[in-house]
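Please go over the structures that come below.
Below, chain A partners chain B and then partners chain C, in two separate complexes.
Presenting the complex of A and B:
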């Protein structure tokens, strides 16, 4: 909980004056040897003194990083045994219900990893569970950044880098899901193939290029393997590097609190406390993944069998992070495709693709949009409480609802069977939810935020209701309010208040349509707002007290 | 018999039996054995026919009391329910034996529930319906042992059954609230009968389509699934990525978030 700026350099130095022991002498010598050749001490000093504020939600990005490390480790093990080839072989491994079947060597080697290589199944399950956790923690991390406004200047760029990581992670996940060449992954690829072929003019060409001929061909697993273990991981590692560097350059945000201002960072320095905690945290994450992977099945390819274009299983879904795309396809009402001369225009495919791309673009570009609406060019290092930015929180809630509707639609069949509903009814309900859900969620969230702000304001001014009723000598009854401590009040009163932008004529005295639009959106954003309590109001409230 | 009864008196007088006596005895013996045999065998056949008739009669009574209100007095079908003429014993044994019939209420489909009749009553109903017209019979025990070529059964299952019942036999959704049920721990006879008769929305897989041996292989695969739990641990219902994703979000991410809260908790 200390700012390193006030700390003496290192404890090692003090010990050295008292005469170091043999171990310390060696450490000093080794450190010196390295430093004389690399000049690393400057970097270590700089990094080691970086401060990280403590809040549980600030650790979600770390979870993503650590699960990625677990993925790299377990994935390396898997590459030793996996054969990314679609050459047909006869399965002769130890799983009886597939014995003697013809399948690709990709499938056969995945089965061998699962049944005939010591620790292979555990490694596969660790890899897959870690992948699910990786993307899930990225998602939760993004939501934290969004709802606390931690994407504001100067961190817009890092938001975009993080977004790219999210998309890369989905790409990693999907390519990995498709590698075993089992029935499930083949069906997933078939959907991708269909989506590509739905694109006018170039679709068929791209599909033939990608699959090296007619689907499924014999090339796709090898190609996806290269993407999965070479190109995409390299991009992910590079993007993580940029993400970390920008994090260090921009410093971490913190929540408002006593002594925490826009100009400082209060927390623990990397060395030694944070590093120790983070190291321990990595092993906890690894442990959680290993525990789950050793007790819970994931992707039982032995049930699905080798890919064959004719069969498909009920309940065929992609992994969760691609679910929203599957759901978008499922929600399209029938009859959107039409004939244009000899060609079919598959609007039933094109509209969902468009919606998904637009949705992702909105996510990527939101920080720039908000900066434009607020007209705020200042740096922000204090994370917002979600209630203190009601419209942003409302938009976030609407986005979450939209995504959740698409996501739920991907499991419409399982919702139908498990809740005893008709699958058509489920689809129609989710279609309605997709359109109206975000609006309702947005309006409700906006009002809830403003109500919470009102409550905060009330508490800041008058303290907590104690429930103690006192009768005054004059006969009047009052409820005694317990005053807040200065620490508690600080949290309630320190937040930004934005006002609608005024429409102002530009240098040539004109008011452009863009400016009008900006002003009207700004008014929509900030018309209903609660101002933070001012000093004057506080003093007035105090003098008012009995 | 009369000859025999008179002969001792004569022989007592003559001292020796007539030479014809042995032949007569042989004839009598043969007649007696043959007659008794014939009498017994006809009695046995009559008894079997009688027993089947009795079973069918018993079945008819049960039918009239429990089924006829929807299926018609001669099982000819009504607006409420289809005709049962020609559905065979297998259909009855499946529908009644799994509790699907009699239906508790009209709905998207008849659902399995506690069986409403004893085993004998089910067989009686089946026997009665089988007398109406030829139809698939209750399958031979030799196909229901759960033994067979599991690999062939698994492949047939994936090709013919998995699109509705899911590769792991976990069941799946159909249209308008109908569904393909979970196939775990279903009696082999009922699986076989379902394939032969195509109950409700299920298509018929006749013996030309899937031979009885292959039906036995499919049953062997389902038995394998029942007897062998997932090699990877808990199977999460065998539902695929949806249950895995839910598990990841709720339990894995939930545990991780709990850890982050714990790590950043202020010590008192």
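Presenting the complex of A and C:
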């Protein structure tokens, strides 16, 4: 590139006039070679200039994808040194406090990775931090999709695929957490074992088969390792593949904006801008993980020591994404276990498991529920602003509160010691929060959304309040309103509005119970609503001002 | 840029022949505000000022140079700061410097690329049309035709006998894949194992982990002992045995103990032994509060009252911790009178079933 050129985009043209350089000739030859054997040009033609809309929140999914790549890379390194075996060995590595202690090969090799392999500790920490980020970014990405309604037709299936990825990611996290066979991971497994045993009829046997005998046995680490590095990653890769293909087929959603319609995608092309941004973003994510991993210790298993069924330390925490499950177990009130004839039914375990499964099911199926309520069969490519779908946003806020309460419960002991409260009191408070919190959060969120919509309406009609007060000739004071441009206004007025469903008799003249239910939920959803400003109102408002 | 379709949602679906999808309860208005179209492009500084453009160009290059420096630094650190056996500081130094070098190399490439794309690459938004996800009517008709042909040529629905036999075969075929997992665990019935621990009559209570037997006189008022059965580490599966047999031993004033009928002889002069395995999901119940005589499980905060035979006073656990009946032998050491009288640890379906 020479200094005489005005725009970088003219580079190609200039070179073409001078005849291709050596590098270009090689590229041409290589591209031709590949295309004559693969038809690759068709793919480039299809995808090369595909348009991606830009918004910061669209990057959350990218963060998840890139942290997964970091996990694959760092994890592969770890597999070269890790011994997934519970065979007891005497630790002979260089970490003095544990020297001579008997422990499993898994634990010993993890210590070796940490203390005897250069860069090994770094890789462990990169792997762990990336895993935490992976699950977190999937969660945030899901929240973004939910609150903007990007799960609506035609993307319901991709929502489900994403949901499956979230569950797989938690599975990956838990299996990985258990591998080093340290005290913490062993106690985690102990809890899983206890939960499985609480399942009626089959629980005892499932635990027995999983652990290859009695807990802890010598099989579980090897088995989880197979899941962790083979089965689950294969499923994750496959699901990501489907997720990406559907993303390409459905194209990305975009926020409302001037010129953007439900029929177009406005943004930057893959080649070159999006590729540069996304590629660069991958390196930034990787870099940030590396930076955190080289400065902040995580999971210092050498402090915990090898697994032993008797000791435990107070105040230990599972990885954050398991917290909601652990919290659910803690919130059960005393006494939820009974005898059914000769059999023991552990409701103190079953109920939390059921609550978690139900919660996850509601998350997975929400798109279909909303589609059923609205009856809207059109494709939706414009992402909603959360305030413009008040009831959905309220439901989301309720769900987040529910999750947060479970999550907080997992730290009830820490909360109690930190704030010098009785752990009983903290538990009771969180129990109340779990039940009433979502309702309150939902109601408040709904109100706030409606209020924001009203404000939008005001602004769309009358402009921004300028803060300038003017006295009219009649003596009356008014505040001057700054009018909006058409471009600014468009963002405030272009949204969907739904009305409550009217029950009508079907072809046979009957009103089914399903219809009635749908109508009452629809009323609950859309009774309180704010309509977008119409052209008529706009003109009326404008003639008022003049 | 010129492309501006109608802004109404749902218009992405071509109306040529495909049915128009229902808008459900959406309000469709005729007088909605019209989409004003694209705002004019606001040029960036690099678009207008060649000097700024060159400055940005240099900046991007600098980022990439910084990345090379980071890589060189990382390799140098890897070699120059090896791990010295037993020296924890060297571990930290090696990993830390290596990591910082790698982080610099990665971040610089990333920031350079993003800066390049933002400041120097074409900044105009482009527009692409969407097409309905649903296949065109011809495609769909052809697809349906292919299925019909396939059905006709194979007789899949006509030859019911073949079809149903195939479905039946496919349904049972995976069963071996389930059956062959039986040997994930040994042949023995888990129930028998779960209902017994290695404690037996006369077995000494010893300290965890060194296995030193405990004299009754060692157990002073208010003290707590982590206990394992004598000879635990000589067994074939010490961890499995320990996961069931771990015991907590403490001495209370005999008048503080509320002993139920039949258990009068289970304690020895105020010394009581309880299973350490939580009856909720099996964590070790590790925390003993001296004043209140409460045991606290750190996993989900179940609390057990030792003065009332470890009954649950808070938390999700239901059953009291099983008590190990103890006495002393001729030499004054604490011994078990028998195994526990009920299964220890988490509940399971067949817990009281025999």
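What we mean here is this: the second predicted complex is superposed on the first by the 527 of 546 C-alpha atoms of A that agree within 3 Å, B and C clash if a C-alpha of one lies under 4 Å from a C-alpha of the other, contacts with A are read in each partner's own complex, and residues count from 1 in each chain.
The working rule: a residue touches a chain if its C-beta (ideal position, glycine included) is under 8 Å from a C-beta of that chain, and two chains touch if they have at least 3 such contacts.
Keep in mind it's a predicted model, so treat the numbers as computed, not measured.
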| item | value |
| --- | --- |
| Touched partner set for A:313, first chain B, second chain C, both or neither | both |
| Touching partner for A:411 - first (chain B), second (chain C), both, neither | first |
| First, second, both or neither for A:421, with chain B first and chain C second | first |
| Touching partner for A:376 - first (chain B), second (chain C), both, neither | second |
| Chain B versus chain C as contact partner of A:140, first or second or both or neither | first |
| Which superposed partner A:303 touches (first chain B, second chain C, both, neither) | first |
| Contacts of A:203 with chain B and chain C, given as first, second, both or neither | second |
| Which superposed partner A:129 touches (first chain B, second chain C, both, neither) | first |
| Most chain A residues touched (candidates chain B, chain C) | C |
| Touching partner for A:281 - first (chain B), second (chain C), both, neither | both |
| Overlap of the chain B and chain C footprints on chain A, listed as residue numbers | 96, 114-115, 121, 125, 277, 281, 284-285, 288, 294-295, 308, 310-316, 412-413, 423-424 |
| Parts of chain C lying in touch with chain A, wherever the complex brings them together | 3-13, 21-27, 29, 31-39, 47, 50, 53-54, 57, 78, 82-83, 85-86, 88, 91, 94-100, 102-118, 120-122, 125-130, 132-133, 181-182, 184-186, 190-191, 193-194, 208-209, 226, 228, 237, 239-240, 242-244, 246, 276-278, 280-284, 286-287, 298-301, 312-319, 345-354 |
| Footprint of chain A on chain B - complex, ascending | 108, 150-151, 153-155, 158-159, 162-168, 170-177, 179-180, 221, 224, 230-236, 238-249, 251-253, 255-257, 259-261, 263-264 |
| Touching residues (chain side chain A, partner chain B) in the complex | 54-60, 63, 96-101, 114-115, 121, 125, 129, 132-133, 136-137, 140, 183-184, 277, 281, 284-285, 288-289, 292, 294-300, 302-305, 308, 310-320, 323, 410-414, 416-417, 420-425 |
